[in-house]
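Next come two complexes, and both contain chain A; in the first it sits with chain B, in the second with chain C.
Up next, the complex of A and B:
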């Protein structure tokens, strides 16, 4: 029995190896010529635009479906399916003129498609998952004719031009509305869309294949297709880029990014991104849900002088240079500088710089005097000791925490960091069970959602931040929401940012850059967002993928694959060896049995 | 199997003395299967409560980094059924399970059953192939090493196996990837197929096999040592047995003494290990799947933990543990078949 088993196993192994060896020669090129292959590490939750929320999935949806308006390379709202629009004097009624364009199956795109999509999200609970929040303020959406769409909002809504809602073809989706929340949108290919690319293939957990949309209204993209290839770790993705298995990799570590320098076929892109990293300070305000107190934040942090003192103790430039290795810039606002219309930089007199002496003075003023051992003791006689919650998911957090401990120690404040899984850390933050915590968000082109998150109503919810609550801020928030005149709205947003900064709602530390690299021997012409020094991937637009241009002469399309031949030869040798082995053994066994 | 001789060494005795062989056999089978069913029931209950104790809020995970507001969060909570009291959630869970419905994943908005089935084949392919190869390699090398214990061959194979066993899988995988995929350019760097797949049945099979080599190689390198060591030690125990002297006295060649007399007896403890490992085949190898981006079930489970995607976790727990339970039951039953001492008593 053992011999049979063993022989079977060996045979099986030989088969696999033979298959593997031969496979090198049988490998097909990706379909349709010059296909941009992008390594992605995040999972695809769904490609159904009513359901998809993960960054990678919404990126694919952006390529498949146009919006009414879209964020341009400069992050301002640009015409997309709507070629023009107008707000009525009541500030509630918006009229959009829909462009003459076709779906990828040749049928015309009309205002009815837009109305269908929006009304589904507004009325069908199953369709609300991804974009329900974006239509909450809509009273009605109607198509008065094929080219005219009228949206009436409940309250004036300045952010309406940044409502990122993928518009689906009614003639495809109308028959599916009863299953709209559970469709995968990969049931039949090609998936009819209006974006620069059309979805033509999907392998769960492995790849997404899109082909250029010939009837795209801006004109067919220059690349023949885009393929997202799933890599479970960026180490392997970087190796894949070196080898040429993929053309573009995003979100590498600084070490990986540096290791790609000097490769003549690879161009690196250090893109200014739309994220910020912050140090939360627990305000210990009551819950925005039921008004009850929650959490166990240190009451010392209720004093603005203490919060300012802590800010003065932090050397943000050291964070940029020594922890982020220069791939970052100091931050002041929860609206990143890639949005120049809405970001904020404090005036010289307002800005708080690294200044331990000033920090000590502020603590003295607040009644936290230094004891004989240099430790600060509060008016209640207790030493000023704070806890820092940090998630282990961000590799640099440990180092950052170490620096914080040192800086706070200098001013006599004891800091005790704890490291937790991101879920545990998030649980602590939502429940208010922290003094200080590292956090961060990605910000959309319209500042409204990020600003909204700092209002009192968000406290103790799953999206709460510092637990900030200032009635003056909430008043300004409502005012900017209703202000349709952009310069006036900018002025209000500036006041809000300034208020957040003076109140030290949190310490915004850095805006980290996104590290990307691509095979410039295969593709070029990527348009970044923002256009100067921005990112190729992870945009709130499709500019990077849409403008990718294949390099004219390609050495690596078609033809023989020498590696495959080598593999086949090796495989063949192994198989021959195993066959010989079995033949010899077989003879010996039979002679044994004859004994 | 005819030349199997009873030995005085340590085979685990699973059967009890009973009135009749057939009757005892049936009772034993029923008892074993019953035990398996009780284990499954406990797992079903445990799965429900265990994943609800996990830190993390699925609603927050599904709205992170996106515009949302408290009303939307509440709606999502209701959609997931998380606004219901825990006993009600438990009853719903049991009811769905009784109807064979493992629920809908929070993250993928897809039936959990579909997700698990989609990942089952890649997992079984990778871990199954690796298991077969490592068992074959381990048993072969282990029996040779024991037969000539103390020799240079023994020292070399044992040391190599132990070194590979101790190497961190992630590190070894990346080295293998850099050498065979990048430097030598022999194999692809990720996935189970070429992106988008390949047309035609035979090319598709070759494509999968081509992608399978490196992850399989890594897994085999890491795990074959356990079979080698078990085989080696159990054969060593047999080495001094009298029946081998008898066999030699009959004039049998050394090779034949080993293969037909010593190894079959030494194989018994190894079979137990193999069966237990087969149970773990479906849970796959998260590390290898991560390095080579292989779309396996282990990876699906691991990623579901980050949300936490409770229905998916419950489903994978049930799928993975039923495999282990079934293989345990099978091991008990098969052991009875292969070990005459258990059968005849």
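Up next, the complex of A and C:
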């Protein structure tokens, strides 16, 4: 046979294997009992709670470690390791009473563990990466006895009950403080924790395995364990859900979500999410902090008129209607509408709507005139050409990029998208090596951490956003942090949001609802956050995973494909065949989802 | 007078070639498929405008099944799948053919030089060939297309420079066989230099083999292009069959049962690769009748 024919033959052979064997994802052997298997497409950056910032990693950390206080299903602060607390009249000294509970290895949890964790983050630079911002305002944290913790803050602190810091056992971590920033926390299993589940296994790029914690203070979870299984894309994950390989899939595309309707074994959940999707504009070159060169962002983006022009070129309603197919709403603020106390909607005169003519006028004004071919040329004679960095783990990013290219082309701006793994895209964003980028964050019930991320001090860190640095904003940030009167604080936060919007620190595109689906023949009882119409995964708590209840009788786990799909399968199989045949896909990664 | 004799001889040879080729039913079928694809690809800009391909001016619904307005349905952004498939043929064919030419030129050059000069140049060139032969070419192509700037040119280079090794081996063997013939020796004795021998005698003699090999390689190159595009390494600014398949998977069209989005690019790849393979096989048989007898 010639080479071409042989390849075709191999391809067909691969198709057959793909049909027989499913979507080519290595499934780790799940542990015994009723284990909730969750498909994830994002990579794990680290499981070390001092380092992890990716959404998937912090979700695992939430299951492993309790906080002092935690956000309940209603998003309000609830007792967790602290059973009660009170603030002194000076508004600076807080006293927490730590409840009687045990670590998963049977040793008691004490105030000293909390003090150890907090002091590590405050004093050890290596431990600051994930939660350094949360303790910046702390003057001291001390355990006066096993049950009493005293926190003294530098300024009054409104968000102290929403400090989401995983508390680690001192008797395990004390001997490892010198490598606290480099540990992966997967060195020995089981990993001693205080949350509803205990980490018992981790295979990089494949799975994370957790078992129910028998000594959890709220009581052992009803599920025997949770396993996160890595899938290359959500399409494979949805097929896995249909076949019963997994029990819960998150962040499906609208087309996948709609196709799961009518399956009697599958329940869908469209949850209002605490996230926003944004188009970052890198204007930190030169840096707004010290004026030094930083990264390789296009200097044109330093001009607010250019940023506004780009915003006017984007038709957010088309994103909602055509890409998200209605499972979304236009966004204006980095605080999502799921937190009505803190979100922001610009006044009609302030709002920037889709208006290509206005965008062109702004570019003209900024000195970027249209050349004979319609392309904008800057005052320096260079065409206005921008790069767009996008990660591959969000399925709709590719389509979104297509639209951006079209819209920017309309106003004469050339846009070149590149697609990278989540880790690579994240590296680019942290180093400032991009012009535009798709990003997004999960926001906590208290707006403080998200607002903090836009301050000058966050520039050039793993959590930096667009390189925003405005002294006026920093002043307002400090003011809201110290303001304990909620209505007054709301007013300041509104000003901050308004400032961010006018400065176009980034273009907040949409607040997408999270499209989840689970095998209701295997698990029920998921508690969403918010309790009404909220999400199961990606919460600021562990309520979805903690309350998952196995269904006693497992009727059938097979699940067949609807007849109409067979034709599609043949086509799909060509795809799978190509993939299976040329399997060389190394660690294709996943996510701009950072927490 | 001599010119007309040569002309006459060439015409007879061409007629014989055409006749022998026409006896290959499968070869003819392949030729028809390729001819039709080529016509469609070349005339596409006459009836497909930039607006048909732009997501922001698309008028169709999301993943609409085939209808009168959209004979092959629409994609996840409401564009006509028929228009995309037709435009996709341009990049797929361009990359496939250009990459093959690059690969064949490199391969023929290396093979002929190695065979002609022998000795240490041959040793160096053949070890280089062996190196590229044992390296999984797709892995190398992925690496190349990752480090180089995105675009159709990169893909052409990536496929071209990774797939020439087998051609080099083939051409080297053929060159060795030809250079052993007495007429080459005679040319050398009469004072023909390296360029004369290689250009006037060896090249015409290996060309038929190279041609048949080229036709077969195009098929592999098209599959490679689709694979790279499917893995997200293609040119994001242009439509090819591979990027269509990638978009279909990303948007969940498979799960949604949108077969009209998957089948056209998939079948197009199979049809064109099959076309090239059939033509290549027919060419081989024409040029080497022993193959036909052996069947």
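Assume the second predicted complex is superposed on the first by the 312 of 595 C-alpha atoms of A that agree within 3 Å, B and C clash if a C-alpha of one lies under 4 Å from a C-alpha of the other, contacts with A are read in each partner's own complex, and residues count from 1 in each chain.
What we mean here is this: a contact is a pair of C-beta atoms (placed from the backbone, for glycine too) under 8 Å apart; a residue touches a chain by one contact, two chains touch by 3 or more.
Keep in mind it's a predicted model, so treat the numbers as computed, not measured.
Within the superposed three-chain model, A:235 lies in touch with chain B and with chain C [touch as defined at top]. Once the two complexes are overlaid on the shared chain, A:416 sits against chain C while remaining clear of chain B. Contacts of A:128 after superposition: chain B is touched, whereas chain C is not reached.
Touch criterion met: A:325 reaches chain C, while chain B stays clear of it. When the two structures are aligned on the shared chain, A:55 is found in touch with chain B, with no touch to chain C. When the shared chain is aligned, chain B comes close enough to touch A:245, but chain C does not. In the superposed pair of complexes, A:395 makes contact with chain C only, with no contact to chain B.
A count of residues in chain A touched by chain B and by chain C gives the higher number to B. Residues 2-3, 5, 233, 235, 239, 567, 570, 588 of chain A touch chain B in one complex and chain C in the other. Of all residues in chain A, those touching chain B in their complex are 1-3, 5-6, 9-10, 12-13, 16-17, 19-20, 22-24, 26-28, 30-31, 37, 39, 43, 45-46, 48, 51, 53, 55, 125, 128-129, 132-134, 136, 181-182, 184, 201, 203-207, 209, 227, 229-233, 235-237, 239-240, 242-243, 245-246, 288-289, 420-424, 426-427, 430, 441-442, 444, 448-449, 452, 457-458, 461-463, 563, 566-567, 570, 588, 592, 595. Interface residues of chain A, counted against chain C in their complex, comprise 2-5, 7-8, 11, 233-235, 238-239, 252-256, 258-260, 315, 318, 322-323, 325, 392, 395-396, 398-399, 401-403, 405-407, 410, 416-419, 562, 564-565, 567-572, 574-575, 578-579, 582, 584-585, 588. Within the complex formed with chain A, the chain C residues making contact are 54-57, 62-63, 76-78, 136, 138-139, 142, 150, 166, 216-217, 219-220, 223, 226-227, 230-232, 236-237, 245-259, 261-263, 266-267, 269-270, 273-274, 276-277, 280-281, 284. Only residues 1, 54-57, 59-63, 65-73, 75-76, 79, 104, 107-111, 115, 118-119, 129, 132-133, 135-136, 139-140, 174, 177-178, 181-182, 184-199, 202-203, 205-207, 209-210, 212-213, 216, 251-253, 255-256, 259, 263-264, 267, 289-295, 299-300, 303, 306, 308, 338 of chain B touch chain A when the two sit together in their complex.
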